[in-house]
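These are the structures, in structure tokens.
Look for chain A in each of the two complexes below; its partner is chain B in the first and chain C in the second.
The block that comes next holds the complex of A and B.
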């Protein structure tokens, strides 16, 4: 906006023939004050900074990441929903599913015994995956051959289950096992991260082993007793 | 008041501009509302992912008392079905004998929960869940098929007269055109589900629910 020019002068001025000099100040035009401009710019700047913070850094992954509780074989780990103890893994090229069937593999059948003690209420753990030493992630349960179905664990009644996963031998050394509550969603929840302590020698021995390794059916009695 | 000396050419008396609090009064008043709206908008999943995932809204009865429980149960077809039932806890005691085939795991015992319920025969009550809790709030669920035993699927209705089942819409007539073939459920009946708990657990209350978060809480007398 600009100040009124001659056209905006009053008719009296023109009738007098004189120059268009207003006798009174022209109608005041409000200009944005510098402070208002600065405030607007500050709001825009804050929005821009917020956008950068949200998009330029991978905070989403970190905010939603599960809480990994690391442990090793034989060491109990306390999760929000259960106490978990992972036993010593074994392996072979043949798996006895404890249901009258034998499953063979060109790779290695890895079985891991777990003891689950539920906390607070009955829990049915449903998530497991193996992070192989070869850098790949081997899902458990999706194929039906690799499975982890411990069933529901009542508080105060330990449940004994065996996880079984079929992997290539090169995935065995340095493999880590992750176990959690929800098959579909581990965000912002505890997940056990177990260092299985497996070596290249284990992989080679199990890849040549033909004696079936038994994956016991889940039970409230220790496998030795069943 | 004294008259100011006329000879002194002073500036006009200063007009006090309204203070910061007054100028921003409306914004300050709106701030709590905006904060509340922000929390509501960012908490849209608290209800479905947290509040409705556990036992949150009890209808409680003291030891020996009977309680009337009402809930509008979602029927899965977009509507709700009213559920009205009267529940009383008769007693919680060691289960003897055990249900057929039950073998208790080491370090556990079985408790029998004697309940008396009353409801109109046309109220849908199958699909209930039952659990007992100890003083710490730890919950031990009733499991129909476990430890070698087969108990009724619904622990709150007679096994041979369950009453109506939840509607499946248009499929109802095709599945059982002549009804379930069962006798109608009596208006008052008793059930005795058995729950397995660790040996040293003292049961302090019994909870019964159809759809979370509402539930019936029946305190066990001391």
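The block that comes next holds the complex of A and C.
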């Protein structure tokens, strides 16, 4: 049989003449001990110091930055996943997409031939972007007007592809091309950083050029006019 | 006037502790503490622009032919037309038609942007029978094409000015529109809730205008000036 606890007692019990309930002393508020306070303060201080270190010394970008492998036109560069050779860029105000379409541009079309040799296993390169000499970044997607989609490269079988991108003429001199494996994520991975060797004269010549420049479809055979 | 909010034991401890500040705070009535707390909270929002004057109650009026800066684009809306035949563009049903908003597009940021961001920047409202499902911003374009060659405008590169048409497919059973509400949206550069990577996000309607719609007088929208 259980004994009623203190919560079972009510004012009715006392009114009925039950046993007198001894008066309880007022509840004492427990003071936190100094050691507990010190431990809490230490935790807060550690969090504050960590926040200051992370914000004052932003190392995340450097830790996650891609490994840029610099090269120039015609010089092969070895990446973790492929050997890449970038050919001489050409340009015009009209692009022949090698699919029956001609594309105009308010700027200039820049085409860059690439030779990809996969290392170890089949690779499908998907990332490229152009860093213009004007300081802007020009997106190269896997589809659309400015695009780079070489397809899968098998080891031992060089793949020939042409990257195309439209830019304003002022972006041409000093432009650099970056090419990598993953379209969405280049963190802590090799990325080729190619100095294209372009000048103001190239920009002016291409801005006046109306003969279409051809962006060849990707192939395991080199383009006929290369 | 109501008494102090703090219990007597706590007030007694404050008095015993000798802290004048604690004693005065604990002697305040709850109502006063609440008012003071609200004022402190309101003042704290000033650091984030909470006390700045509200300058705009809703979308401003869209004016045809006037360039508008809508980060990350500058858009100039020229006209709205409809047509049943647009070379290079394919309707989902031959009986349908295109409603096209002809505009000049410039990417004013420092990096190229994909067409999906551009499609969020201009939407239509108030047109019956549009095939695309409306969102909270209105109806997005089925595609955005470059007038010169009919190609899909993506990526939109910075520093270039494109003459483009935002194309909306309308069901052929609906009457051709005579007016359409064109809405322009502005994005902000910031991280998202689930993805902290900064990007152009959260399009918000900042301009809206009811524009006349007429039939295109030629096959290509760029030729019906």
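Heads up, the rule we're going with is that the second predicted complex is superposed on the first by the 170 of 226 C-alpha atoms of A that agree within 3 Å, B and C clash if a C-alpha of one lies under 4 Å from a C-alpha of the other, contacts with A are read in each partner's own complex, and residues count from 1 in each chain.
Following the convention adopted for this analysis, a residue touches a chain if its C-beta (ideal position, glycine included) is under 8 Å from a C-beta of that chain, and two chains touch if they have at least 3 such contacts.
Just so we're clear, the structure is a prediction, and the values are computed from it rather than from any experiment.
*Asks:* Contact-wise, after the overlay, does A:107 reach chain B, chain C, both or neither (first, second, both, neither)?
*Replies:* In the superposition, A:107 contacts chain C only.
*Asks:* When the two structures are overlaid on chain A, which partner does A:157 contact: first (chain B), second (chain C), both, or neither?
*Replies:* First partner only.
*Asks:* For A:183, using the defined touch cut-off, is the partner it touches chain B, chain C, both, or neither? Pick first, second, both or neither.
*Replies:* Once the two structures are laid over each other on A, A:183 reaches no partner at all.
*Asks:* May I ask you to decide whether A:205 touches chain B, chain C, both, or neither, giving the answer as first, second, both or neither?
*Replies:* In the superposed model, A:205 contacts neither chain B nor chain C.
*Asks:* Looking at the overlay, what does A:170 touch: chain B (first), chain C (second), both, or neither?
*Replies:* second
*Asks:* Identify the partner contact of A:68: answer first if only chain B is touched, second if only chain C is, both if each is, neither if none is.
*Replies:* After superposing on A, A:68 lies clear of both chain B and chain C.
*Asks:* Between chain B and chain C, whom does A:138 touch in the aligned arrangement: first, second, both, or neither?
*Replies:* It touches chain C, and chain B stays clear.
*Asks:* Chain B or chain C: which reaches more residues on chain A?
*Replies:* C
*Asks:* Quick one: classify A:120 as touching chain B (first), chain C (second), both or neither.
*Replies:* The first partner, chain B, only.
*Asks:* Under the contact rule defined above, give the chain A residues that sit at the interface with chain B and also at the interface with chain C.
*Replies:* After superposing on chain A, no chain A residue contacts both chain B and chain C.
*Asks:* Using the touch definition from the top, list the residues of chain C that touch chain A in their complex.
*Replies:* 9-10, 13, 110-115, 146, 148-149, 151-155, 157-162
*Asks:* Using the touch definition up top, name the residues of chain A that touch chain C in the complex.
*Replies:* Answer in residue numbers: 26, 29, 101-107, 129, 134-141, 143-146, 165-168, 170-171.
*Asks:* Going by the contact rule at the top, pick out the chain B residues touching chain A in the complex.
*Replies:* 105-108, 131, 137-141, 143, 147, 196-198, 201
*Asks:* Across the complex, what residues on chain A touch chain B?
*Replies:* Chain A reaches chain B through residues 119-122, 152, 154-157, 220-221.
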